[in-house]
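Each chain carries a letter (A, B, C and D) given by its place in the written order, and its residues are counted from 1.
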Amino acid sequence: MTLLSIEGLGICFGGIKAVHDVSFAASPGEVVSVIGPNGAGKTTLFNMISGVYRPGSGRVVLNGEDVTAMSPHLLARRGMCRTFQNLQVFQTMTVLENVIAGFHLQESGDVLSDLLNLPAARRRAKDAEAGARELLRRLGLERAAEREAGSLSYGSLKRLEIARAMALKPKVLLLDEPAAGCNAVETEEIDHLIAEIAASGVAVLLVEHDMKLVMRISSHIVVLDHGEKVAEGDPATVSRNPAVIAAYLGADDAAR
Amino acid sequence: MSELLQFLLSGVTVGAVYALVALGFTMIYNASDVVNFAQGEFVMLGGMITVFAHAAGAPLPLAALTAVVATAALGVAMNKLAIEPARGAPVVSLVIITIGASIFIRGAAQLIFGKQIHRFPAFSGEDPIRILGATILPQSLWVIGGAVVIFVGLWLFFTRTLLGRAVLATSNNRLAAQLVGINTPFVMTLSFAMSAGIGALAGVLVTPITLTAYDVGLAFALKGFAAAMLGGMGNPKGALAGGLIVGVLEAMTAGYLSSQYKDAAAFIIIFAVLFFRPQGLFGRQSTDRV
Amino acid sequence: MRNLLTTAATAALVALAVPALAEIRIGASLSATGPAAFLGDPELRTLEMLVADLNAKGGIDGEKIKLVAYDDGGDPNKARTFATRLIEDDEVVAIIGGTTTGTTMSILAVAEEAKIPFISLAGAIDIIDPVKPFTFKTPHTDRMACQKIFEDMRKRGIGRIGMISGTDGFGASMQAQCKKVAPDYGIEIVADETYDPRDADMTAQLTKIKGTAGVQAVLNPGFGQGPAIVTRNYWQLAIDLPFYQSHGVASDGFIQLAGIEAVEGVRLPGTALLVADLLAADDPQKPLVDAYKAMFESKTGTPVSTFGGYAHDAFLIMTDAITRAGSAEPAAIRDAIEATAGLAGTTGVYTFSPEDHLGLDLSAFRMLEIRGGTWTLVE
Amino acid sequence: MRLTPKSATLLILVALIALAPVFFPSGFYYRVGALVFVNALAVTGIVILTGWAGQISLGHAGFAGIGAYACALAPVHWGIHPALSVLLGAAASAVLAWLVGRPILRLKGYYLAVASLGMGILISMVLNNERALTRGPDGIGVPELGLRAVLKDAGLGLSNGQFWYFLCGIALVVGAWAALNLRDSATGRALRALHGSEVAARTVGMDVARLKLQAFVISAVYASVSGSLLALQNRFITPDVAGFLHSVEMVTMAVLGGVGSVAGGIFGAAVLTLLPQVLTVLAEYEQLVLGAVMVLVMIFLREGIVPSMLRKGRRREE
């Protein structure tokens, strides 16, 4: 059963094809990784899927509905959420508030009851806070709950972003380099976390440079180079693909 | 026909005044992302210092030069005393600083120069020039010429000189500019000096037409700001176009529609332009990078 | 030691208390800065000058005058706050001020409630019509200025005019009053334009008036630099029609600003102050006008204006009333002001009554024409 | 029991309003107090709009003008009671803010500033020019609210100054209470979130355009009620209330005190309302000193007085 299908997605920036005719699909419980060298167009692809950029061509279909270029907040309502490579955390808010923000769709009612602090608003806020604290606990951030988000370490911010995304209880979760800048222990934690999320029936789309992580947890891998899909398949198939090894894996391994 | 020409001449004169003020805004904005609400006070100082230097016996060109240099020096002082110590503060705080500085300068001008309205003679005579039944004052030509010269100068500065590019680089990314060896404090100082100097020159040129007093700055700042935003903040081309459009529009509205609502016309056009081009006519579109 | 302290304390108390007993506190809220500073500044300077002068001469019956003056910047909200401060905190016995109609209306409400006599320096007729017990004013109403101008126009056989008015309170109020009384003089306003007081160029509006069929004269109510620019533009466009200004520009400063070439032939209703030299030797206003003009111009180095004259007259009426009342009680001062009769000021000769809290008539206005860069009387 | 910041702010505010009159040397101070409260109410709206949602407006005095003129015009023209006119003005401001906000809130930074500036100028232009309705720049009288007489009959005799001091004080407490409620609610959190990152706010399902519009409308209502209270208190109003300078004053008060917090906004309003009263002793040096104070405060307390002081205090504790 396909939950998300990407059909011939492409975009140009100033006449240059940043992404060209990329298609793949993801089902619930799957971890689909998008890999490729720097500048291959991975983040651009994510930006198109998640509605940040308007694709020049192609379609994004979610649960049978065409959601191409739909605004991110509407996608969120349909169960799609993402994290960012360059961290988009609400810096001046507390860690707890950042995660509560993820409960926005469940928490928000009418403004008037918010202004007057009516019981309904209070109840919603209380539920959201409880949910947020639970998530922080799962991600090991509960001790930082009252701290200003801006004061956290890079690895913690990465986890905070994931916690915020999980708060939406998404059907499709896009993670853009969740392990970047994390140490080995943190990477392993994230590894488990992603597996856990996928196991709960979420379709996870992953952009990641840590190949060990990718190979370990992906059920399907899409390889991009210069904006085009050059290979796709399960980890074993992809890692054996000579084109991929030549263009990416070999070079990458050699670099390490 | 001669009416239309007259409205046009009137609009271009006033528009050139706005454009001069708007051009002053672009310098500081380009260097620091701050819209300097004291810009109007520079215009006022240009006029007032010339008045008093002239009254003290200095010939008009010397008086004008004194005014421009003194105001430029004041611009540098403002940067050193008020803007530089607040580096890193939120942009709204910096804007409030420029508002505070404008109140301060106006207060000082009121003490030093008094509250009288002043004027000095036009540069090349007062007799109107007649063109096809319409008239224009020789001083208007000075103002229009001044706006064009400053525009060309700024445009060349930003596109053809290393220093001008350094200013733009500083505005784009201060840290990166420092890393490639740009002396950013000097760029800021230079921007304030030039901006204040341009403002003062505007004051010198327009005073024979619009007269001057210690409190004329605010009106100039408002219209100049609107014109600069219409054209797209930070772009000399935008400042010139924005100023002329606002000026001509005001004159046409006053002439053909309603003088009561002539200022409304300018703002309605600004609404319309920004609706279709949120970054102004010549401004660069900004996108969030994620 | 203790004795010494007690003595010192007593001395200090006495020092504090004595002036409070022997001084008459008069309050003022004026627009010394802001858009109406052109009016308010000479008013404030005049009051300060006159108070110093009077105190140097020994005050009123030996009691010194203490002027408590605030700058309301032309903001009615501030004016109300300062009026409250003057009455409740500074405990003044009377108030002069309200440079603009807006600030006056704000002060008026406070003064009336506290029953403190108040002399306004603003033009609108609403200030004293209907009459309020404690409120008086010294300037002519703007309606009177319109009447004076229209009277002169009628004499010259002018029936159709164009108006170009400032959008500030002064210009807008006079524009409205002129439109109201024009029919009484058989005058039709065929073009009605406005400008913002801060505008740089009014040729567009004037071109429109020039192009309106049948215009025989143009009237420009306003003050500050606006009318000076209008006058220059009028000359630039070579409009060949009689041109009238209002009392808003009645000052030598106007001639300097607009330029001698541009103001030639401009007419306006002014006060005796501008034509001090032309007054008959037996004119009741002559000594006063001469003295004020000399004092103001030597102290400030700027030419006198009608507006400073309003403050002068307000202060004159106030001190005259206090002297006659023989008391500095607000109610007594009020009664004395209302009983003022035949008091010559710079603006005119004041006679108040319970029905008339302005005390001037049209005769106080003199129609002036600028000839060769100086004021002349139109007869 | 530990007080939440919200209860602490409200408690301090109520205590100050209730106890300050004990120290008033004369009735004049009630007037100044009432002005502080009226300004603080408008500034609280700016805190919501600018401090939380990060949107700049240089035209909010326009809404104050609508609130003020509603109280001047509605009772005379339609026989509506002045108290109801306050609500009418608020409703009119909200509708206008909703209509204008939709297109202009797409703009960012200075472009939003100039568009809102234009809106404010258009409103004040209408108030100035439509003499038949508003009586133009000379201003218009405002009917008596009548509540003071009712209270007197009920045995509570207050002077005019006292009455407005307490009425405006109550209005401010209610306004601050609502704003503080909003801050920690879903909407308030979303506003602060979109200020931090619009992109991230969208991805968690926040309708950014709608939220900005809500903040704009709410802040317009605050400004409108503030204008109404000013008009009813002064019994006379001119178009100055809608002027550009009043808009700038609101923003300056908010930023000076600390635009990110309700307490900061109120403090800023108090400082900038009291300062001119104190500076009168300087006569013609007033403007000079006022400008210098603004510059110095922003240099040394760059996040505004209250947040910067709190931060310093906290640092000392640690």
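Rule of thumb we're sticking to: a residue touches a chain if its C-beta (ideal position, glycine included) is under 8 Å from a C-beta of that chain, and two chains touch if they have at least 3 such contacts.
Only a predicted model underlies this, so the values are computations on that prediction, with no experimental measurement involved.
A.B. asks: Which neighbours does chain A have in common with chain B?
C.D. replies: Per touch definition, common to chain A and chain B: D.
A.B. asks: How many hops, at fewest, get you from chain C to chain D via touching chains?
C.D. replies: Minimum step count, chain C to chain D: 1.
A.B. asks: What is the chain whose Cα centroid lies farthest from the Cα centroid of chain C?
C.D. replies: The most remote chain is A.
A.B. asks: Determine the chain that sits nearest the middle of the structure, using the mean of its CA atoms as its centre.
C.D. replies: Chain closest to the assembly's C-alpha mean: D.
A.B. asks: Averaged over CA atoms, how far is the centre of chain B from the centre of chain D? Could you give it in whole Å?
C.D. replies: Centre-to-centre distance between chain B and chain D: 31 Å.
A.B. asks: Based only on mean CA positions, could you tell me how far chain A sits from chain D in angstrom?
C.D. replies: 41
A.B. asks: At what distance in angstrom does the C-alpha mean of chain C lie from that of chain A?
C.D. replies: Whole-Å distance between the two chain centres: 73.
A.B. asks: Using Cα averages as centroids, what's the distance between chain B and chain C in whole Å?
C.D. replies: 36
A.B. asks: So which bits of chain D are touching at least two other chains?
C.D. replies: 129, 199, 284, 286-287
A.B. asks: Residues touching two or more other chains, restricted to chain A: which are they?
C.D. replies: Correct list: 52, 84, 88.
A.B. asks: Give me the residue numbers in chain C that touch at least two other chains, ranges are fine.
C.D. replies: Those would be 32-33, 167, 194.
A.B. asks: Applying the document's contact rule, which stretches of chain B touch chain D when the two form their complex?
C.D. replies: 35, 81-82, 85-86, 88-94, 96-97, 99-108, 110-111, 222, 225-226, 229-230, 233, 260-261, 263-264, 267-268, 270-271, 274-275, 278-280, 286, 288, 290
A.B. asks: Mind listing the chain D positions that touch chain A in their complex?
C.D. replies: Residue positions touching the partner: 178, 181-182, 184-190, 192-193, 195-197, 199-208, 214, 218, 260.
A.B. asks: Which residues, counting only chain A, touch chain D once they are in their complex?
C.D. replies: On the chain A side, the touching residues are 50-52, 71-73, 75-77, 81-82, 84, 88-93, 97-98, 100-102, 104-105, 107-109, 111, 114-117, 121, 124-125, 128, 164-165, 167-168.
A.B. asks: In their shared complex, at which residues does chain D touch chain B?
C.D. replies: 50, 56, 103-104, 106-111, 113-115, 117-119, 121-122, 125, 129, 198-199, 244, 248, 251-252, 255-256, 259, 284-295, 298-299, 302-304
A.B. asks: Where on chain C does chain B make contact in their complex?
C.D. replies: 32-35, 37-38, 41, 167, 193-196, 198-201, 203-205, 207-208, 211, 224-225, 228-229, 232, 236-238, 253, 256-257, 259, 261, 302
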